[in-house]
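First the structure, in the form of structure tokens, and then the observations on it.
Chain naming follows the written order as A, B, C and D, and within any one chain the residues start at number 1.
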Amino acid sequence: MRYSREELIRFRHCDPAGIVFYPRYLEIVNDTVEDWFEHMGFAFKTMQQRFGAGVPTVNLNIRFASPCRQGDRLQLSLVCNRIGDSSIVLSIRSAQADNPVFEAEVVLCFTSIGERVEKLSIPAEIRHQIQQYLDETIAATA
Amino acid sequence: MRYSREELIRFRHCDPAGIVFYPRYLEIVNDTVEDWFEHMGFAFKTMQQRFGAGVPTVNLNIRFASPCRQGDRLQLSLVCNRIGDSSIVLSIRSAQADNPVFEAEVVLCFTSIGERVEKLSIPAEIRHQIQQYLDETIAATA
Amino acid sequence: MRYSREELIRFRHCDPAGIVFYPRYLEIVNDTVEDWFEHMGFAFKTMQQRFGAGVPTVNLNIRFASPCRQGDRLQLSLVCNRIGDSSIVLSIRSAQADNPVFEAEVVLCFTSIGERVEKLSIPAEIRHQIQQYLDETIAATA
Amino acid sequence: MRYSREELIRFRHCDPAGIVFYPRYLEIVNDTVEDWFEHMGFAFKTMQQRFGAGVPTVNLNIRFASPCRQGDRLQLSLVCNRIGDSSIVLSIRSAQADNPVFEAEVVLCFTSIGERVEKLSIPAEIRHQIQQYLDETIAATA
């Protein structure tokens, strides 16, 4: 299963060259992860209150293929590549009018929040939801 | 040779967990690249006016080691790992009080600006400056 | 007539106190103006291409009434208070679950874009659209 | 007494028109207030830990006089116009090469932090420091 959403490219995303300033793409990546968790029933607020946990990004690999401009509609698509004891590897792709815009691999880590930041095991009910987004080709051969 | 600078972590960098929101680190990475080019005598404005060119980021790989909070002073250090015909691979490391914060590998591509975005060869005078920042261990064995 | 839209408050909007960092509200105000112009048939891109013009904000007065947090849904409502030869005075109000969040008065100025930034008269077709959003109580007594 | 600082206008501040996107000026205003409090010995972190308090912005009035571009050096100057039991009215002016860029009046309110946000009286030691920045012409006639 894939999680998909769309993002309208706005004036505030764009730089003096008229194209999206790349840190803004990372805000869009973060929004996508946030919406996906909420869609699965685990809003960031819920994870914080019920599990005392958050999912900070610990590793990010992103390749930018073509630029976007104000008014473009970015199609985003998320699958899970791998799920470990406390980490989750996501693949997030985006395209605009069938042109790939960026491909990102994002590693999140389930951690405690507060003064001490420590790895936690992903709770079973969250793991169960995430597994539905495991990339099918990978899942088939695992 | 290394290019170094410091960044004060501010309220605006931090998220509800009280730590730097990671897209803000990419703004800091971008500022570091911007300052480095200016330090070499090629401010972004100069590159635009003299060469009709910019250096968009085409690939980014970043690993976050430990969180930063408001008031921390982030030490940044940049070297060049590789320089191709139009691309530049930079390694940017950051630490706070001797703790590594992030390690980034950033690939920039020298490109024309305007409606058409095309690769350009890096002009000799810019290449000459950049070569002084080639990582010494790599440079020694090349 | 009013122009209305909704904005979901996200993690990226919020500060270490867990509430929206106020410059983010101004990004939301800007998005609202951008959407309103697009809704009227004059996307920023269109204004730039057809009229060589933009609508920079020249004055802003904003009062913050109550804080918002991640997951809140902000209701935004825009009317035009006044339209001059080149300036437009907008009133933008926002509420969350019937609590007022902010009230802004924004003055935009229709200006040329490029190296020289000069006031322009608002073209008749844009003026015609904007007049439909003139605040009724003001319009009635004008 | 005035509090002054300088801000370098960067690529990330600028929009597709090549000028500073105005919500970025509000980030600069916030940084200025943050630095001023730290300069007086009351960093935001200190106020939070010692007084359980913060100084959210409750009202903002800003007039933009002329645009700034990448590479400009913005001179900022802050005085206090008025200090009440829990509120502080600041005047922040900025100029670039003797051209006024913006004039802001910012009202801060000393408040408790946490789930309940309530007004607090400004502690005597903070009030004492702030009074040194009271605008002299106003102070002289008060």
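The rule is short, and it goes like this: contacts are C-beta pairs under 8 Å (C-beta built on N, C-alpha and C of every residue); 3 or more make two chains touch, one makes a residue touch a chain.
Treat the numbers as computed from the prediction; the structure is a model and nothing was measured.
Asks: Treat touching chains as neighbours and tell me the shortest step distance from chain A to chain D.
Replies: 1
Asks: Please identify the chain with the largest separation between its CA centroid and the CA centroid of chain B.
Replies: Relative to chain B, the chain whose C-alpha centre sits farthest away is C.
Asks: At the place where copies chain A and chain B touch, is the share of residue numbers found on both sides over half (same) or under half (different)?
Replies: Comparing the two copies, chain A and chain B contact each other through largely the same residue numbers, since over half are shared.
Asks: How many angstrom lie between the centres of chain B and chain D, each centre taken as the mean Cα position?
Replies: 30
Asks: Distance from the CA centroid of chain A to that of chain B, rounded to the nearest Å?
Replies: Chain centroid spacing, chain A to chain B, equals 24 Å.
Asks: Using Cα averages as centroids, what's the distance between chain B and chain C in whole Å?
Replies: 35
Asks: Among the residues of chain D, pick out those that touch two or more other chains and give their numbers.
Replies: 11-12, 17, 21, 23, 27, 30, 70
Asks: For chain D, which residues count as touching chain A in their complex?
Replies: Per the stated touch rule, the residues are 11-12, 14-18, 21, 23, 70.
Asks: Which part of chain B faces chain A closely enough to touch in the complex?
Replies: 17, 19, 21-24, 26-27, 30, 54, 56-64, 67, 113, 117
Asks: Residues of chain B touching chain D in their complex?
Replies: Residue positions touching the partner: 10-12, 27, 30-31, 34, 43-45, 69-71.
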